[in-house]
Amino acid sequence: MEFASVFSNLLSAPVLFFALGLLACFARSDLEIPQPVSKLLSLYLLMSIGLKGGVALSKTGFSIEVVSGLGAGVLLSFIVPVWTFFLLKSRLGVSDAAGVAATYGSISAVTFIIATSFLERQGIPYGGHMVAAMALMESPAIIMGIFLAHRFGSGLDENDDGEADALAWGPMLHEAAFNGAVFLLLGSLLIGLLIGPDGFEEIAPFVKKPFKGVLCLFLLDMGLLAAKRLGDLRRSGAMTIGFGLIAPPIHAGIGILLGWWLGLSPGDQLLLAVLSGSASYIAVPAALRLSLPDANPSLYVPLSLGITFPFNVIIGIPIYWSAIRFLEVAGS
Amino acid sequence: MEDVMRIEIVVESAQQKNVERLIEEAGIKGHTILRDVAGRGQRGNRDGDGLTNAFSNVCFVVAAPLDVADSFVESLRPVLKKTGGMCLVTEARWLKH
Amino acid sequence: MEFASVFSNLLSAPVLFFALGLLACFARSDLEIPQPVSKLLSLYLLMSIGLKGGVALSKTGFSIEVVSGLGAGVLLSFIVPVWTFFLLKSRLGVSDAAGVAATYGSISAVTFIIATSFLERQGIPYGGHMVAAMALMESPAIIMGIFLAHRFGSGLDENDDGEADALAWGPMLHEAAFNGAVFLLLGSLLIGLLIGPDGFEEIAPFVKKPFKGVLCLFLLDMGLLAAKRLGDLRRSGAMTIGFGLIAPPIHAGIGILLGWWLGLSPGDQLLLAVLSGSASYIAVPAALRLSLPDANPSLYVPLSLGITFPFNVIIGIPIYWSAIRFLEVAGS
Amino acid sequence: MEFASVFSNLLSAPVLFFALGLLACFARSDLEIPQPVSKLLSLYLLMSIGLKGGVALSKTGFSIEVVSGLGAGVLLSFIVPVWTFFLLKSRLGVSDAAGVAATYGSISAVTFIIATSFLERQGIPYGGHMVAAMALMESPAIIMGIFLAHRFGSGLDENDDGEADALAWGPMLHEAAFNGAVFLLLGSLLIGLLIGPDGFEEIAPFVKKPFKGVLCLFLLDMGLLAAKRLGDLRRSGAMTIGFGLIAPPIHAGIGILLGWWLGLSPGDQLLLAVLSGSASYIAVPAALRLSLPDANPSLYVPLSLGITFPFNVIIGIPIYWSAIRFLEVAGS
Amino acid sequence: MEDVMRIEIVVESAQQKNVERLIEEAGIKGHTILRDVAGRGQRGNRDGDGLTNAFSNVCFVVAAPLDVADSFVESLRPVLKKTGGMCLVTEARWLKH
Amino acid sequence: MEDVMRIEIVVESAQQKNVERLIEEAGIKGHTILRDVAGRGQRGNRDGDGLTNAFSNVCFVVAAPLDVADSFVESLRPVLKKTGGMCLVTEARWLKH
């Protein structure tokens, strides 16, 4: 059954379209998705996930389970960057280590969506508040990344003419919290809470029904970009790529243990694992270009989009699920 | 026709607001922006994809009076040093209308 | 109940997304909707409204009620610009007064849509021909605005080198009638008439079902733009802003009285009120930039989009409805 | 009945929107569809057709009927360019004749879609493998066009400085096979095969249900472009336009006879006719600009988009269907 | 290489057709158009939003032969006066091919 | 500031990869690309529609060091001859940062 579930993920339409995008780029096809279309697709996905989560939250209300789920997510987004940073600092230098740290402390919405589909296919329930957890995990990771970079000397790097840059807390916190992607996700969540199931019903033919299909188009685009960016990693060496493969299961493992210890449902545990184990390629790069321009986006974006994302989607999710099932059986 | 400096600045999209501020501070009365410009330079390829604006540039075209042009261009240096980019200056004549 | 209906409008998803857009801009978030996406959304909305109206019209045919509705709309779009122009001429100058006049004589399709949702939520019927009325109200307002500007001297303003510009009727009428937005709305109406309910059924999964959801995305964009444009109004002074708030109820009031006098149904009265009371921010600016370039778009667009639109949607529609109900009770 | 079926095509929403687009351009309306939106619409249509065909194929499997359908399509896409080329060579010169040859050997996906709607409206079955046939017909036509141009001297034309260009088979075959449009169509077909009806069900609310409506918007755009391009044909003379009107029925006729001889079902015969009789305006121009830049796109695109496409949609399909019915009756 | 004038014109989108006509009337054989350009000038911000084209610009780049450049530029003056915009003229060399 | 040649190249979209290759081969370290540019020239209108890229252009802006500029421009000639386009060269100064 576990084997079948791996396959069910691999042969789902969105994942196949991701593969098609990779292939198109490797085969040097001139297939491309215009930039405004990518933006429309990601606006749609963020809006849709946010609304769905808000409506779910409006049904369940704020229970202890909800608060633990949110708290666990936020906690992970604070600590994951710390160890990531210290692990990579000596190898990559302060700025790039901080960039990767912020990237991996944050989350990938698409990985989250694919994990919810995985759960739905197997009839396993999960809480709508995990979307809120996701929305809350972007800003802390960004803040931690920038803070670490400044605390450990990015301000003193060779480019500078002597005087170290002071960390501009104001603009940095602003960008972390009001970044377009974060703002839309949180805003839609709030609107979902306000309109509730009845209001949602009216807009479901746009924000819910076509969701999976739109996801296919988006993943086609992600595949094209992931393949294009992968080339940039060649300069970064095998150790960096290794990090992109090892970080997800470790971070996800910490997420699972934390979720299990807090008594989250198995479904919520998987989502927490996936949030913890995934890395950002939308919100964080946008925020870092403003607040940490010394970090090289050609390092942290391909690592997140080209290595960690496919790893999680193809291998990670089924493995994490097996681990959760194992803990469940062992614990009972 | 008035002699001006035509200043063309390519920076990454995240710096757009910054450069707009510098133009205003230099007392230059206008500018033109070409958005979503792609490019290649020391900092690698910027192909202008649509997931994030981390890989796209904007291009400013600024007609600056001769007396402010130099100091304005000088004020761009820190931005270009920090985040990359290009600044080209050409002599031009401006049709006064 | 009236109170609940105010709230029902305020807490509907599209209005909340408008608020989210405003907020994003005020909080200086970098959330933005690419220009081609805005264009796609407005093409979709115009096409969809047009088709829906045409199909409705194909069911009812051309009765006296239809003809009075259309006539009332067209009449209002001719007279509203006149008094608006003379009211504002001395304060704003000829060109700007004419620009505002054309803007307020014309209509806002989104306000119209929100009014129809308001009616639908309360189970009140309205005629599909009111869409036709809407489509017919854009051109007269544009024509009146340009005519007034030329008649009262815009041709003689200081920019000119002595000789007054003659009004180029040809290009002006052409632009008023074949403006992209007007053309698509009228064309879709006609196609709706031709294909009828059966043909509409086939395309309803695109043009009807997702409509409300798409509207949310569009209103997010409108919110972003409205907030951005509001800054331009600061230079215009309180009187101008006051006009943006007073004009809608006055124009709507005239619309209600006219509709009531003509014996339109309460639903149609509300729609006529909303057409009369709303102002354009799509078709009219595009037409005026060609035919009345001296009028400053940074005046009439923010007034219409940033003041009048939210006023109508949040306060106006429920007030107009109360007035209609009052007339109904008083009259019976 | 035949007459009614002509009308049913003419008065279907997509065709009416095509007419609206033509009208908008002729009336010099400023209605326009931004370029990224066109691209989104064509990505959507290709993806959707491909998936639908793949799923249909996953149901039927590979029978003899399937193989004959595919074989007939590929055969036609190899031979149509040959006679087209020799017919036009003396009049248009080698390069332009080769461009037109590739264009007419290839297919128009929208014409194909309208033909399937035509069949569906009359309850006539057709095979999903005909989509595969369509996908396989683009590359051979491109290859033949380029081959003929090089074989018969395009390499020696006046522009060149003495030495004839050798045909670069590698890049040419690459572009013919990995052209974005071809790649997406084939890839979606494959994905449709892999996910089957169950997987398709999940994405049908995006890729299937709104299809007809999206097609309306796409045809509006095609109408706008067709009308704009028609002007370019004025320089080409009546004979060329005549070719655009005569080629479709002849090519379709060959397709019908071949389909009939192979014993294809009437539905499949019509689709084969339409594939054979239609001409490309998406994939082929993109490929030829790279591999045969001497051929003038202002000749072969307007011919295909402005003459042959409307001919097939308005007159062609019903005529081809009558012929198939006639053969059926005569043969029984 | 031939000496030409490189003429760069920024006008609002509504004037695109007008400027195209003036280019043709001047007998200039070609032009290049960058669409949906943003900018700032005396007439305020043009951020190029998508509801209406009232706030977006287009940018023309025209390589004009020396003998027609001046009169062409002069013919732009009324358009710029009426609806705003910018015209910059630079000396350039054109690769004849 | 360093003296450079500002080279502006308009070619049809299908030639983008080709010109990028020539820039690299000339040893020029960067370039900027404006995509989906419209235009008119000897080969007719290129209005940049969205069905196919057969009717759209791209515009390159390249700041080339003086010593490589000429040979680079020369290397463009065959491309322009075969598929049309425009190449303008202007003297400019580049802000070294």
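Every chain is named by a letter (A, B, C, D, E and F) in the order it is written, and numbering of its residues begins at 1.
Everything that follows uses one rule, which is that a residue touches a chain if its C-beta (ideal position, glycine included) is under 8 Å from a C-beta of that chain, and two chains touch if they have at least 3 such contacts.
Only a predicted model underlies this, so the values are computations on that prediction, with no experimental measurement involved.
J.: Spelling it out: a chain qualifies if it touches subunit C and also touches subunit D; which chains qualify?
T.: Output, common partners of subunit C and subunit D: A.
J.: Note down the smallest number of touching-chain steps it takes to go from subunit B to subunit C.
T.: Steps on the shortest route: 2.
J.: Centre-to-centre on C-alpha atoms, which chain is most distant from subunit B?
T.: D
J.: More than half overlap in residue numbers between the two sides of the subunit A-subunit D interface, or less? Answer same or different.
T.: different
J.: Could you please state the distance in Å, as a whole number, between where the Cα atoms of subunit E are centred and where those of subunit F are centred?
T.: Comparing mean C-alpha positions, subunit F is 19 Å from subunit E.
J.: Roughly how many whole angstrom separate the Cα centroids of subunit B and subunit D?
T.: Roughly 45 Å, centre to centre.
J.: Measuring from the mean C-alpha position of subunit A to the mean C-alpha position of subunit C, what distance in angstrom results?
T.: Centres of subunit A and subunit C (C-alpha means) sit 41 Å apart.
J.: Multi-chain contacts in subunit F: which residues touch at least two other chains?
T.: In subunit F, the residues touching two or more other chains are 34, 36, 48, 81, 90.
J.: Would you give the residues of subunit D that are in contact with at least 2 other chains, written as numbers and ranges?
T.: Within subunit D, the residues that touch at least two other chains are 33-37, 39-40, 205, 209-210, 286.
J.: Assign the assembly's chain-to-chain touch graph to one of these shapes: line, ring, star, complete, other.
T.: other
J.: Any two chains that touch count here, so list every such pair.
T.: A-B, A-C, A-D, B-E, B-F, C-D, C-E, D-F, E-F
J.: Which of the residues in subunit E come into contact with subunit F in the complex?
T.: 1, 4, 6, 20, 29-35, 61, 63, 90-95, 97
J.: Which part of subunit E faces subunit B closely enough to touch in the complex?
T.: 8, 10, 34, 36-42, 48, 57, 59, 73, 76-77, 80-81, 85-90
J.: Show me the residue ranges of subunit B that touch subunit A in the complex, using the header's touch definition.
T.: Subunit B reaches subunit A through residues 12-14, 36, 43-45, 47-56, 81-83.
J.: Tell me, which parts of subunit C touch subunit D in their complex?
T.: It comes out as residues 34-36, 39-40, 43-44, 47, 51, 174-175, 178-180, 183-184, 187-188, 191, 194-195, 199-200, 202-207, 210, 286.
J.: If you look only at subunit A, which of its residues touch subunit D in the complex?
T.: So the residues of subunit A in touch with subunit D come to 11-13, 16-17, 20, 23-24, 27-37, 40, 205, 209-214, 216-217, 220.
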